[in-house]
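Below: a set of structures, written as structure tokens.
Common to both upcoming complexes is chain A, partnered first by chain B, then by chain C.
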Partner chain A sequence: MLALQLTITGLQTGALYALTAVGFSLIFGSTRIFHFAHGATFIIAAYLFYFVNVSGYGVVLGIAAATAGAIAFGLLLNRFVYVPIQRDEGSFFTVFVASFGIGIVIQNIVGMIFGRGFVTVQTPLSFSVELMDGLYVSPLAWISMLCAVVFFGILWCFLRYSNLGLSLRALADNPELVKAFGLNPRYISACAFTIGSILVVPAAIISGATSGLNPAMGHHVMLISLAATIVGGIGSVAGTLLAGLALGLAESLALLYVDSQWTEAVTFAILFLFIIVRPSGLLGRSAAH
Partner chain B sequence: MKQIKLIFAAISCMSILSFGTAAAEDHTIGALFPLSGPNATYGDVFMSGSDLAVEHINADKMLSGPLSIAYEDSQGLPQPAVVGMTKLVNVTNVPYVLSAFTGVSKAISTLGNRNEVVAVNGGGVGPDLAALGEYFWNVIPLVNLEVRAVMPYLIKEQGIKRVVLIYIDDPFGNSILDELESTLESAGGELIETMSVPTTAQQFSGIAAKVRAAKPDAVYIASYGAQQIQIVKQLRDNGVDQQLITYSGYLVPDALALPESEGIIATGQGVNYNSEDPVTKRFVADYTAKYNRAPTAYNVNYYNATYLFALLAQALEAEGKEVTGANLLAKRKEIGTFDLVGGNVSFQENGTLLFPIQVKTIKNGKTEVLDTIDFGK
Partner chain C sequence: MEAYLLNLVILISIYSILASTLNFIMGYAGIYSLAHAVFFGVGAYAGTFVATHFSASIFFTLPAAMIAGAVLSLILALPALRVRGEYFVAASLGLQVLAVTIFSEWKSVTGGIGGLIGIPPLDIAGFEVFKPNQFVFVTVVGLIIVLFIINRLVHSSFGRSLRAIRDSESAAAAFGKNVPLIKTISVVISSALTAVAGVMYASYLSFINVESFTLDTSVLIMAMVIIGGTGTQAGPIIGAALLLLLPSLISYLDFLPQTEIGSIQQIIYGLGMALLMIYRPGGIVGLKKQSGGGKK
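Up next is the complex of A and B:
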């Protein structure tokens, strides 16, 4: 029963990791921008939902505010930070440092506005229900998994069948060819930031209710996203999804075999293993440069 | 050339002015508090006590010049704390530093001893803090006393025998593990499982499943900052309905406000806020007026730590002596007892103040005292 319990817990955690990581992977895979401030997008969405919710405006307005905030942040960051740096032939490292700095600025601004302590979104959905002897599952666990299925289903259809989705994949493959076909890479990049930022919203809201929030949690979010992106294969949305789920499951099921203090280390042991054995990741393409 | 001369003149004037304002009578002490990161919630709590003490000291003109505190951000972590302590000792040249957190305090104590700078802890509770040298003082009772107070009480009053410990994997968490093992053994209880968690962990639903499987009578939680609140929330959300027990580090506003905190048993130092002595009365009245909430033990400790500096420095100035770490230490030993918030208190040989320990429960976001254990009697 403990193994089943840990599997369900791991799937819930993995669904949240996957939702967060796929947004980062989509942005990085399409634009080659190391969007370290993706963790800040998570924080902005989570705190906006929390603020609207505690102000008494309800869940729907909270979701709308969180989504609008996440999109606005992603687009503004792309337009006013990443585009100018890239226009001046800024290096990959320059973009990374700028993004890292923005993440710290957002952490401090959120701390100034909402306080630096711990806050949580109170909802009865976070309380577990005993399904059978020793097996407890909260409604939010099912919602997490459902969100993952719905969002990835929509994303898969979008990338496969829409023109914009095809453009995104084309941008990831060959930006110069995209220009040659008369498409605007900047517009496509903006779309990548919009979709990537939207994907983080459900994970941010659900985390606010399950594990609570503090302004400093963005770095942890980013660390998991990065691990899932590398394990899944850089640029592979499906690979990142699988990796996110696998990391969540591994972190939870590790409790069956190792002391609790090593569960987080399991994530990075898997990451290390992939870097050594399969550097291109689960579904990534091998490249020889 | 004229411009260069003007700039030179301006810089010279600024230098003279800055020397003028930094008169020898001005006093600066340092503080290494967590001002960012997941432990930042403590920084605000600690600063509210020390800042009020500075206001009182300056309003009373206790010292020949104004007192100020140079705050450095330790993040509650040893490495940034050592960087901050190095700056306070070598650049700001303070004789006295307020410290917090067990890991931080242990990390900076060597610098304090080597440079004869007094470090005063009002927030860390690891038992090791009683043995960090002459220049390291504690104005807070350490957690070994808290464990020794709560476990016999719970075994006797609530029949709790089987305990699971969830503890943070750092010096503080390990000290709780040692203390809980020995206390439970001698009190007739049993530590049936221990689960350590990394300092960065945020997901505890798996831990909750393991706790349920162990079927304990109670769960002792030994962490701090946002993590300890996350543990409590996720245990309760994931069906752990056993008695939760924790220590004084949990009694911060964020944790008390959490609905899942209801019914938790926590220990903390006993402070008589209704004491008639003028220091306590003034502190309680002014703290409540300034922050619109009742003070907690942490506020008291950092008020006391700051006020203690003023008492010692005042005595040194009266004798025409310089306010240095070595002189502050000598003066503390000479005076022995001090009128601080909570009454007239004395330091033990190991530089730690002895306070009674209260066993409390959280009800409706506030603490209610269940029992008081005075180890000094």
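Up next is the complex of A and C:
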């Protein structure tokens, strides 16, 4: 029964990990921008929802604020940091450092406004219901999984059938060719940032009610996103999804054997194993060089 | 005032060692590590372990710390450096997070979250160094030795191979360089030298705990290198001095809330990193928009 309980909790965590990680993976895969401030997008969305909710404006406005905040942050960062850097052929390093710096700024500004301790969004949805003898599941678990299914369904249709989705995939393959076909890579990049940032929102909001929020959790979000992107295979959205889900499950099932402070060690072990055995990841197409 | 200045010089020297050793892999080999504080911590804990259990002589503590740092970095570097740069960033971030857990859980060696107290002073050939006005010489000499070693390495054929790899891995490989091997050696050297700073830090404060070796420290060291100037010799030292002086400068400005000094410091260097990357990727010391240095 404990194993089943942990599986459901793991699927809940995994669904949220997958959503966050796919956002990063989509941006990194199509634009090649090492968007380390993705963790900061998460923080902004989560705290905006928390703020609006605590001020008594309700859930719908909260979701709207979180979504608007996440998109605005992603687009502004792209426009005022990444685009200027890439104008003079910024390398992996320059983009990473700038993104990292912005992440630190956001973490500390949020810390100064809301305090550095944990805050939680209070909602009756986080109360667990006893499904079977000894099996407790909160409605938030089903909501997380439903969010993942809905968002990934829409994303899949979008990438598969829409022209914009097609050009996103084209940008990942060959930016020069995209230019040659008369498409504007900057416009497509902006779209990638919009979609990638939206994907963070459900995970940010639900985490606020389940595990609680803390300004420093952006680094944890990034560790999960990076691990899922690498384990899934860089450039593969489906791989990242699977890997995110698997990491959540593994963290939760590991509790059968180890104490909870070692869950991040499980993530690290899986990441390390993949780097040694299969650097191209679960669904990666080419070697990682 | 004199004690305050001595303390500052000692800390700047120790952090200059940390920044210079990180710069050695970041600026010359193009390897971006978020786990530098781990090797600092491993050096501090290993040195303390030897000092309290066997002998406080630096002829035992320093080699023990350097070996511990080198072995751990080898375990990280061997797999993670065979593949692209992003993998090392991810693996080092993972190691940093894991190391903080280990530092706070492995109570018999690290003392857990409470840390270790009563660390013996440095014993240099029977002469115990603990007064700040003596310790300052040790750290400054230590810094000079580390800088000398790095300087020799950078200007040797090994250093030229490193820069070749940084500028173009495939070109270096085409010229017959064993790219993963050279990168791994550079990480091992850097980590072993970082551990030296750990030993000095532990015996200077005579108290250490996990707080000094968290991700925040890794980020601080990285900011020192980047703001000072990646791939330059003077840059990391200037960066270390600047960022360590920052808290005292902030406390002179009365209009800023004094309880938030830590946050304000981090905001300033976070913003500094982002702005430098947009306008001056070479850092303060580096040339404006140069092709070498921080870029590539």
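What we mean here is this: the second predicted complex is superposed on the first by the 279 of 289 C-alpha atoms of A that agree within 3 Å, B and C clash if a C-alpha of one lies under 4 Å from a C-alpha of the other, contacts with A are read in each partner's own complex, and residues count from 1 in each chain.
Everything below uses one rule, namely that contacts are C-beta pairs under 8 Å (C-beta built on N, C-alpha and C of every residue); 3 or more make two chains touch, one makes a residue touch a chain.
The structure displayed is predicted, hence computed values, not measured ones.
K.L.:
Do chain B and chain C fit side by side on chain A after the overlay, or clash?
P.N.:
When both complexes are placed onto chain A, chain B and chain C end up clashing with one another.
K.L.:
Figure out whether A:Thr267 sits in contact with chain B (first) or chain C (second), or with both, or with neither.
P.N.:
second
K.L.:
With the two complexes superposed on chain A, say which partner A:Val97 touches: chain B (first), chain C (second), both, or neither.
P.N.:
Touch status of A:Val97: second partner only.
K.L.:
Identify the partner contact of A:Met217: answer first if only chain B is touched, second if only chain C is, both if each is, neither if none is.
P.N.:
first
K.L.:
Of the partners chain B and chain C, which touch A:Gly117 in the superposed model: first, second, both, neither?
P.N.:
first
K.L.:
Go through the superposed model and pick first if A:Asn108 touches only chain B, second if only chain C, both, or neither.
P.N.:
A:Asn108 contacts both chain B and chain C.
K.L.:
Per the contact definition in the header, classify A:Gly10: touching chain B only (first), chain C only (second), both, or neither.
P.N.:
first
K.L.:
Contact-wise, after the overlay, does A:Ile230 reach chain B, chain C, both or neither (first, second, both, neither)?
P.N.:
Second partner only, chain C.
K.L.:
When the two structures are overlaid on chain A, which partner does A:Phe158 contact: first (chain B), second (chain C), both, or neither?
P.N.:
neither
K.L.:
Pick one for A:Trp142: touches chain B only (first), chain C only (second), both, or neither.
P.N.:
A:Trp142 contacts neither chain B nor chain C.
K.L.:
In the combined picture, which part of chain C sits where chain B already is, 111-119, 165-173 or 237-245?
P.N.:
Here chain C runs into chain B along 111-119, and the other listed stretches stay clear.
K.L.:
Of all the chain A residues, which ones make contact with chain B and with chain C?
P.N.:
On chain A, the residues that contact chain B in one structure and chain C in the other are 107-108, 111, 220, 261, 264-265.
K.L.:
Write out the stretch or stretches of chain A touching chain B in their complex.
P.N.:
Answer in residue numbers: 1-2, 5-6, 9-10, 12-13, 107-108, 111, 115-120, 122, 126-128, 130, 134, 136, 138, 210-212, 214-217, 220, 251-252, 255, 259-261, 263-265.
K.L.:
Considering only the defined contacts, which chain A positions touch chain C in the complex?
P.N.:
The touching residues are 34, 81, 84-85, 88, 90-105, 107-109, 111-112, 219-220, 222-223, 226-227, 230, 234, 261-262, 264-265, 267-268, 271-272, 275-276, 279, 288-289.
K.L.:
Looking at the complex, which residues from chain B come into contact with chain A?
P.N.:
By the definition above, chain B touches chain A via 35-38, 40-41, 43-44, 166, 169, 195-198, 200-210, 212-213, 225-226, 229-230, 233-234, 236-239, 252-255, 258-259.
K.L.:
Tell me, which parts of chain C touch chain A in their complex?
P.N.:
My answer: residues 30, 32, 79-80, 82-87, 89-91, 93-95, 97-98, 101, 104-105, 215, 219, 222-223, 226, 260, 263-264, 266-267, 269-274, 277-278, 281, 289, 294-296.
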